[in-house]
Amino acid sequence: MSGKWLDAWMERRARRLYRGTSRRHALARIAGLLVGAGMLPLLPVSRGAAAHGEAGDKGEAAATRDPNSCAYWRYCAIDGFLCSCCGGSASQCPPGTEPSPVTWIGTCLNPEDGRHYVISYNDCCGKTSCGRCMCNRNEGDKPVYVPYQSNDINWCLGTKVGEVYHCSTAVVIGTAE
Amino acid sequence: MAEADQPQDRAIPQWLVVLAAIVAVVAGALAVVDAWWDSDEGDTAKGGKVTAEASSPSPVTGGERAAPLSSEQVAVAPAIAPHPHLVWLNDIAFPAMPDGRAILVDADAGTMRGMISGGYGHNGLLFPPDGRRIYNPETYYARGTRGKRTDVLTIYDARRLTVEGEIVLPPKRFMSMPLIGNAQMMGAGRFALIYNFTPSQSVSVADVEAGRFVTEFDTAGCSLIFPVAEREFFMLCADGGLLEVALGPDGRPVRQEARAKFFDADRDPLFEKPVWTGDRWLFVSFHNDVYEVGAGKNGRIAGRKAGWRIADPRAGWRAGGIQPLAVHRPSGRLFTLMHEGGDGHHKDPGTQVRVHDLKTHAEIARWQLERPATAIAVSEDAEDPLLYAVMIGDPTLEVYSARDGTLRRRIGEIGITVTLVQPLPVSTGKGDAR
Amino acid sequence: MRGGKRLAVALAVALALAPAVVPVSAGAGGPALDYVLNCQGCHLPDGRGMAGKVPSFRGQVARFLSVPGGRAFLVQVPGVARANLSDERIVALLNWLLPRFDSDHLPAGFRPYTADEVARLRATPEVRVAARRARLIAAIEDLKELEKSSNLSSKN
């Protein structure tokens, strides 16, 4: 019941926001609202958009240094639940999960030192979805027919535990400059 | 049971009866308010019907009472009569991926009609032309999230949604954000094709009429399945080329030919999310250019730039999302989900739908969506086509008129992370080549 | 992001020089970076791949150069032919990869790949990869047997 009421309330609230402000800003706000309400940390796309949109409000620098934020610099093409919110870190799988040996690899710019780094987006596997800190950013992401550049793929391939996806890491494996 | 259960009203004091009446009246009033509350803008009484029980106050007055409700036996709802405003919402259940599902919604009534439980990483359903069955490529682990993996093509009765059987497949099904090209039907409904990725790339073929797996063949470098004729399909390759495959009458590949690249997969890739117009597949690129792939003059499959675009990307609006394109074949219209943003934003939700005429390529309309959306689809009927819009993570289906873009209704509490929207095919059995 | 690949390359991590064992690190040079961004995700940093799913390069890949059709196959295999890299970068990648992962089997008179050759070969990517690889590996196995027996006979 309360869920239904909350839904209706958020819906109206979101629509008002949406009308009253620029579209992209509104989008970020809607995502922030839903996520902030703790109802649905499941807006991958808009969460990514929110990361962009909110950066301007909150101060970009802080967000790009926070491994639990979608705006963290090395998550520039991440798609999934942040392992840093799930008992792991940006480069560690949570206890009892297994890192995928194969993955896709991209580059992200670190605003701290102005360098491009090579990022390996290994998935952590063998438990059901973590469900926290859903992010979707797509810098350099390609459609799945370019598999080695695509974040839409469940990369839990070749693991001993099977292909059940838990969360995503973003491991710095070198510089690209 | 019914006769033995006579009411014993003499034992109930009068004040309790009055109190019950008051409660009933208040409840009825609340239900009316609730219905009004729910019937948001654009919604009509259809969506917010008040139930008979709630709206009629108790007729109890001075000891006179209406006949009691007759008792019931639990049963299963009757078979679903197909109509063009039924729509399947595929839900990968991203926060609980072993539990994917597809939800059947009646967009006219604003009701949920049923569900298919789709297993791990649910993608989307396969509809054979005769409309009697539904096939779903499914993945299961013996211990839920671990143990031996089994992939099956599960066979459902399309009207009763019961499981009728299954065909065991190689446990290699491609796991990704859902894409229509992950599996397709061919051979006028005889074959189901499933794209595999381990990361070795291959295709599995199942003969659904014979109820058996036929073959698996490797398709290195090329992905997804897009049928163009009864036994011919193509796959998209990493360099912007394509692979043409022809199947023999038994479902085994008889010809595999690489075709030269027809788009730049590096600078302006095509979304791997095309729509079938009846004789070709339409793709849109990250920069809004339209491409088409179909049977060429020599009978071979060819891809080409169509020579027009959805919008000038320099104006800031681009196509994008999970399912950005929809075609309404009777009116020859293309619907494109658009968002504001540049490179790296190609999966951002859209806030606008642009409508183009497929013949003249003219933009017919530009509609603002009430809520952002990641997928759109259009019902196949000529009379009153509906445009569906969903946003992943927002459990709401919005139903618009596909003629003028007005919001008809909004259906809430639907799914967890809805991805692909599949209106019930009505063109089935009418000789679609595929 | 793709631009990163085109950036000038600075060596960030010192590489030990033991061939075919030490993982490739980004920042090691043009072809090394191209390997990292286009191949390593599946073939892995040390080129070992995944048995049954991704072919290994280690102690294996240069053997293809010794059997008929093998040199062409290494360009026509879709992972190479269909990579979004220019002919020149494919040339650099192949000429780097072969000694890197399988210097033991690099034929004595190995002629480096050229851009013309790569352009010609990649225009016709292999379609039936598994079947062709199986034939080439059979030929490689025959060659190994031959080498073994000739080694034995030379000892006698």
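When the chains are written out, they are named A, B and C in that same order, and each has its own residue count from 1.
Here is the rule we go by: a residue touches a chain if its C-beta (ideal position, glycine included) is under 8 Å from a C-beta of that chain, and two chains touch if they have at least 3 such contacts.
Note that this is a predicted model, so its numbers are computed, not measured.
Ranking every chain by how far its Cα centroid lies from the centroid of chain C, the top place goes to B. Among all pairs of chains, A-B has the largest number of C-beta pairs in contact. Distance from the chain B centre to the chain C centre is 43 Å, each centre being the mean of its Cα atoms.
If you average the Cα atoms of chain A and of chain B, the two centres end up 25 Å apart.
For this pair, chain A with chain C, the centres built from the Cα atoms lie 34 Å apart. Residue positions of chain B with contacts to 2 or more other chains are 198-199, 222, 237-238, 265, 344. Residues of chain A in contact with at least two other chains: 76-77, 102, 139-140, 146-147, 157-158. Taken residue by residue, chain C touches two or more other chains at 1-2, 42, 53-54, 84, whereas all remaining positions touch fewer.
Within the complex formed with chain B, the chain C residues making contact are 1-2, 42, 53-54, 77-79, 81-84, 123-131. The residues of chain B lying in touch with chain A in their complex are 37-38, 40, 94-98, 120-121, 139, 141, 144-147, 149, 174-177, 179, 197-199, 201, 222-224, 235-238, 265, 269-272, 321-322, 340-341, 343-349, 351, 370-372, 374, 391-394, 396, 410, 412-413, 416-417. For chain C in complex with chain A, the residues that touch the partner chain are 1-2, 4-5, 7-10, 12-13, 25-28, 33, 36-42, 44-45, 50, 53-54, 84. Contacts from chain A toward chain C in the complex involve residues 76-77, 101-108, 116-118, 120, 139-140, 146-149, 157-158, 173-177. Touching chain B in their complex are the following residues of chain A: 3-4, 7-8, 11, 14-15, 18, 23-24, 27, 30, 34, 40-46, 48-49, 76-77, 79, 102, 126-129, 131, 134, 136-147, 150, 152-154, 156-158, 161-165.
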